[in-house]
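A, B, C and D label the chains in the order they appear, each numbered from 1.
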């Protein structure tokens, strides 16, 4: 397999679908949201994408069967006033720079085939500190989208996210602009140390408003509670190890 | 040489052959088994594969002649009730991610030309500790194969092997599934510190049962005894160096 | 996007234009000069170049909109006796060796289409020490150009720049020679620790003489003054931290 | 420039030429010998090879002009009983694995065009220790060549060179064998710490015998004497710095 393989699983007709991308990234914020949406909305898998730019790896599931690492596109036909959607999820992003460009080009070609006019790219922005007040930052590829996104609670700060946006989320905005597709990056501010289902809920809240779509959050809430227990234990352990130092949230090191 | 070169050495007709892959990997478990089978069964070399994805290197043999690093496929015509086999061995696996995908694609194309319906990919799983009780783990690319492999002594544990399976063994299962070829990974649990002919024997025992094939093991036994002597010496040396610490098996560091 | 994309923005006719390259590099000397020229001369953007060899990244601007990282070519129609010019600027150089060759090949093809007969490649040479006396070094791809450049204040020293010239500036000279295009590298000697607008002014002075072109320098001067304040503060901080050591300019560490 | 460029400089007819390769490597032994031969024999440059697999770099010469890094092939028409020769030299070897395969393929294609039936690949083998007794090791790609090379003073030791032969020298033997071209690697044993003109003389002595060719060695002798002075000074400096330790040759650290 020298070339990226696009494997069609199912034919489906969608009306002006919105593309939501949630590939792995900082704090897995985008992945948590998009994986959750696929499950909660019972979306249909329509495309699998295999690529030499992914790690040469299979995952082993609990029943002993394997899964070749890949990206997947799911389709959701909106009920009533809900929009139709394509959901892009996956095990990995490209392992190479060139692969990011190739794969995002493929994502955009698929989006154009389905008549996508708007993309929501979900991501996380790691601050290196545990975050008290949840914030959802934004970046857009057309100026008019800034005001619209502010209505949904997205914050636009100068110099944030610093360093720009790297990977599929960034390129969906950048290369999407070249193709005339509106694209918005919704970015959960997270520590970057752990998988962050709490911040994922914030991102989902904003996205739901933007999409005028209701998605139950129970599963994300459960994961967030679990994660809080883990963080609590880690902090206790750290205190126990360094009795003479005051251990603040900020001292936690990278754990996942 | 910009492209991978498939050099046919010999024509041979096989009946529904099984492909056994034993390229270098953790503890060289798979390589030890497959190299041993090629020798013990006097299999015929039929294909050499040269690739820019291998290191740019020749090996120098004891007589001063060289060997261009490569992968090789051997053929074995089964006697009586034995199955016909293709054996895939080599000096190296691909040095790049993309190369793993390309080369595994080539292996699968060759397998399909020969009508292969089942692949056994042999590997090692490094635990970081010297292993007392030999275990052979498994992973498969079709659910029904789990039960079958349990009959031969293969163990399926949740969360093992952690991190999935990387390289040719993994991709033979993952990409093999896309082509509808059954594939089973037989994985010897090993420390990961040393070449492990003892665990290779365990893997060969399981594989022999699965293939209904008898393969003498003397050479592997001899190597296992040699290796045990080396380990014994290393442990003595370590004790001598650190007199106040109890040196357990687990303390041995990576040596090969 | 598997291939580099050359996006024409505007058609323009130029008469024997000179190409000035100022992509990012040591001390951002070349970038500062060329960016400044584009602005001060109100040059027109005529080409955008996107490539899988750039980092997979968008920059986020202060208004929340993004910019796909790219290289750009601007055109300037000289007034009176001024020469026509192409100015090559950008956010990044190639992230891979191969990309440097491919992109420089593209730059040269574009140069040839416009009938470019001379290239000025601007760069910086990092000495690892803060520089008191500003120096502008040179390298050329045709022997006769040495004497000419000396008239404009360019210094040619044996063994400088040591290690040759790496990246687009180097290849514009090297590959340009293969195509018979005169090319001159004008190299500001800089510490390599900081963005260096002061040395950029020196390079611009030399370049202006060579091009018989006047370019106002106010913006560069302002940036230089700002930078000097920053350096001053850094030196104070360093003195405060190590009271027993005399801190000379040379002790400043990499800060940008 | 996306592809390797083969630039013919001069047409020349040769009779069964031998190819001598001396690209940069351990101790620059091969490069010293081949560069010296090109100069001493006044060979003619016939081909330049430029490649995206070389570093993206130009070298700056003492007169301020540049040289695009490249490989070069020179031709020598033997006088009297001397053989005709192609000499392959260069500034760098490929910076990538794949490039080594591509470039060696190109070298072999050129060799075949000229009817080359034998290749001498020159190299160095770094032992990590300063070498008292000069030794020239060998490796060949056809068994019969071992005895022949022993006549010229080449030593064949089991397990030497350990790790095989990497880069162009190795691949000329390995890929040359696939094309049916005899190839011999002549390997000077060197410390690996410094450029080693002394060992280069030993390699040239062996090669001259094999080629029945006389090449003056004055230039190499001069460089060897210079290098010995440098080593002497380094050893003195090291002694001065560590007065309580006996500094033997073996303690010298990597310096070039």
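General remarks:
Here is the rule we use: a contact is a pair of C-beta atoms (placed from the backbone, for glycine too) under 8 Å apart; a residue touches a chain by one contact, two chains touch by 3 or more.
Remember, predicted model here, so these are calculated numbers, not experimental data.
Chains making contact with chain A as well as with chain C: none in this assembly.
Residues touching across the chain A-chain B interface largely differ between the two copies, under half of the numbers being common to both.
Most remote chain with respect to chain B, judged by CA-atom centres, is C.
Centroid to centroid, with C-alpha atoms defining each point, chain A and chain D lie 53 Å apart. For the pair chain C and chain D, the distance between mean C-alpha positions equals 37 Å. The set of chain C residues that touch two or more partner chains is empty.
Working note: touching chain pairs come out as A-B, A-C, B-D, C-D. Residues of chain D touching chain B in their complex: 94, 97-98, 100-102, 104-105, 138-143, 146, 156, 158-161, 164-168, 170-171, 173-175, 177-178, 185. Remark: chain C residues 1-2, 5, 7, 50-60, 62-69, 95-96 touch chain A in the complex.
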